[in-house]
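In the two complexes below, chain A is the common chain; its partner is chain B in one and chain C in the other.
This part shows the complex of A and B:
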């Protein structure tokens, strides 16, 4: 852990260099996660006649603009990387190094963030031109809570993808399983519907689930309709649980490693 | 140093009938077949030895190397390398070994090799001064100075392999596992890589265990030979010993076609005449051949290693060795 922390700045620098080399691919990948814009257009039309459950057109615009931002800043690709590396054996050279390969994957994830912001800037500016009311100044407490919540959301998303990626040690079809997860996630995370618009009982349960912890939590903290303390606590609990699960399954998976060609 | 005792590795391979129906069926009930890649392998290697690991495709060489490097968990048996159990992947262990795979790469594809070297420096925690010294040394031994700042994807296979070797040796490992390090390289590059590996062994006293399809790699690099076939150890000993046993004869070669030599026992072979005779008969046949052809056309060779191994495996197929022959 200490060794990893010492090495991490170098990993990050090289990962940034790698992202520069991949820039065209990156932009395409980043643009695949812009569904909130579609949802914004849909809900905008749906609320044209008047607010839905207290959400007016301006509320939807602000909600989905922030959702797009959070979605991009917590974007993770490690599932696809791990899946491919485990099945083809490309993981082998990385396993020879005295540092868990997930550290390098994490550096790549962080290194993508400046690019995401770069691509996102013009998109958000466009939305702001269309609906100037999305621009707002959060309270200091909301902004601070948002920063912490965002980091926790990234870690939840990261560990979830690690877990699905690690499944490739056992199954060929871990990507398919993730599609199932993604479907539930889209419904319960706030990605396509703001949680307050779900039936009250569903929303109440969803607040405690990892789907919401990886997306809706920071959005709602920033917009001020989720309590900061309890939201962060739930997120932190999921980081701990998923982190421990990743650690354990990774070690178990390594025992299984060695599909032909690895 | 390297201790392998009754090492066995069994892979569970899913079976699938061909075609769509087979795919659907395998969704519901999967049949598996156990493939024994390595069976009851035992050997010991001392510090500083250079050992060649030889055997046909699928013999279990790569699987064994991967177990020695800690990538694969053995199904049964025990492995100790430098006093550690490789599969524990202890960081102190990983810092002392390396595994170079001719068909896998660690270099970052879109960046210059220098960046992968830096990445390894950070991951292995090599002090900057030590790193610079080692890298300078590797650069001059491998002659890779002009390659350092070109993206890896723009390098040729041979150039890439030299950079792979540099990346794998930056942490000055005491044990080198090399899996087909010269595969696909041209002859000149093979020679360079061989000289480099021999140099590393001499300079640092590093132990080398190498697999290769190229007999020249084995002949030039590894005095000791482990022959493995179908996961079992078939031979462990000196290369020269094996050659003497399997192919004691010498080949008297005439570099032109001379029909008058046929009665002496020569046969034509691709524009040459070759006679295989026992070592003690070489003088006699040379004397008689000299009567027909000039001395400049004559030569005496040992049986090529490919032929030695070919004979060995054919003999093995006919009669497996008695217990303990290895």
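This part shows the complex of A and C:
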């Protein structure tokens, strides 16, 4: 752990260099996650006649702009990397290094964030040009809560993908399973419907689930319609549970791992 | 002769795909999830309002049904074939295809199928049937126009994909563009009239997904005027012609992998 912490700045530098090498692909991958804008178009038309449950057109625009931002900043693709490495045996040389390969994966995730912001900038500027009233200055408390919530959301998203990736040690359909997870996630995380607009009973349950902890929580903290303390507590609990599960299943998976060609 | 060739190609493609049948159950759940992810947001929206840009819930579900059909076609036929084509350009495997007597674009378009996407087709059929059960029965002319527009729209989308893929003959790495195209197609899941300004024009003329999803639905509802129908056919024919020209140009450019 200490060795990994000492190596992390170097890992980060290599990861940034790698992003620069594949910049065109990066831009395209980032731009494919635009579903919040498609959802915004629908809710925008739906609320043209007046606010829906307190959500007016400007509220929807602001909500989905922030959702798009959070979605990008918590974007992770470790599942696909792990899945490919475990199936092909490319994981083997990485295991020879004196630290857990997941650290390198994490460095890659962090290194992508500046790129994501760079690509997203013009998109968000376009939304703001279309509806200038969405621009707002959050209170200091909301901004601080948002920063913590965002980090927790990234960790939840990261550990969830690690768990699905680790499944590949036992089972070669983990990508399909994650697709099913994604559909549930999209509906209950706030990605396509703001949680307050879901049926009340569904929303009450969804607040406690990991889907919301990995996306909706920071959005709602920033926009000020979720209580900061409880929201952060739920997120932290999920980080602890999923982190422990990742640690345990990774070790169990490694014991099972039979590298291709070994 | 052509239809016999299509059948033979699809049969071989199906046999290839069915070698990997272990994931059948999982693919069923993915299919259910795809349908749910298109339908449920509409249900949630119409929970709060009765009409969106002049569309009722059931009329919007009709658009969603056509969107699922589009997804099935793109994901089950267009995307696997053109993905294989890009790989063929990169590896030089395309040589073997060019040596065959039938037209290369024709063979390249029917070599692979992804049978899992049939679940989307089934989902679309169920959603469409449910939507129609709550709407006034369409006229015979409406059904014929809808079928024609669906066919024209699918042809236009196919042409667009060919156009994008052709760029891979020059720049091998841009095949990622087709994922971007997939993201734009996502916008076709709602009635096109919810979009405003240039976005609407973009979705009918440039990436003409509205031709596949909204226009056939309008035809079934009896709300499509002849001008729009003619425009749809013109866009489809134009797209096919342009893509054919691009394909011929691209082949002229092709130098195989090792030369």
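Everything that follows uses one rule, which is that the second predicted complex is superposed on the first by the 258 of 262 C-alpha atoms of A that agree within 3 Å, B and C clash if a C-alpha of one lies under 4 Å from a C-alpha of the other, contacts with A are read in each partner's own complex, and residues count from 1 in each chain.
Here is the rule we use: a contact is a pair of C-beta atoms (placed from the backbone, for glycine too) under 8 Å apart; a residue touches a chain by one contact, two chains touch by 3 or more.
In this text, all values refer to a predicted model and were calculated from it rather than measured experimentally.
Undergrad: With both structures fitted on chain A, tell me whether chain B or chain C touches more of chain A's residues.
TA: Larger number of chain A residues touched: C.
Undergrad: Under the stated touch criterion, which partner chain does A:34 make contact with: chain B (first), chain C (second), both, or neither?
TA: Touch partner of A:34: chain C, not chain B.
Undergrad: Is A:53 touching anything from chain B or chain C once the two structures are fitted on A? First, second, both or neither.
TA: Only chain C; A:53 stays clear of chain B.
Undergrad: A:233 in the overlay: touching chain B, chain C, both, or neither? Say first, second, both or neither.
TA: Neither chain B nor chain C is touched by A:233.
Undergrad: Does chain B (first) or chain C (second) touch A:192, or do both, or does neither?
TA: Once the two structures are laid over each other on A, A:192 reaches chain C alone.
Undergrad: Could you say whether A:118 touches chain B, chain C, both of them, or neither, answering first, second, both or neither?
TA: neither
Undergrad: When the two structures are overlaid on chain A, which partner does A:135 contact: first (chain B), second (chain C), both, or neither?
TA: In the superposition, A:135 touches no partner, neither chain B nor chain C.
Undergrad: Have a look at where A:42 lands relative to chain B and chain C in the superposition and call it first, second, both or neither.
TA: It touches chain C, and chain B stays clear.
Undergrad: Of all residues in chain C, which touch chain A in the complex?
TA: 22-23, 26-27, 29-30, 33-34, 36-37, 40-42, 44-45, 47-49, 52-53, 173-174, 176-177, 179-180, 182-183, 186-187, 189-190, 193-195, 199
Undergrad: Help me check something: in the complex, which residues belonging to chain A touch chain B?
TA: It is residues 3, 6-7, 10-11, 14, 17-18, 21-22, 89-90, 92-99, 104, 254-255, 257-258, 260, 262 of chain A that touch chain B.
Undergrad: Would you pull the chain A residues touching chain C in the complex into a rising list?
TA: 24-25, 28-29, 31-35, 38-39, 41-49, 52-53, 173, 176-177, 179-180, 182-184, 186-187, 192-193, 197-199
Undergrad: Hey, which residues of chain B end up touching chain A in the complex?
TA: 9, 11, 13, 63, 66, 69-73, 87, 89, 91-92, 94-95, 97-99, 101, 104-106, 108, 110-111, 115, 118-125, 151
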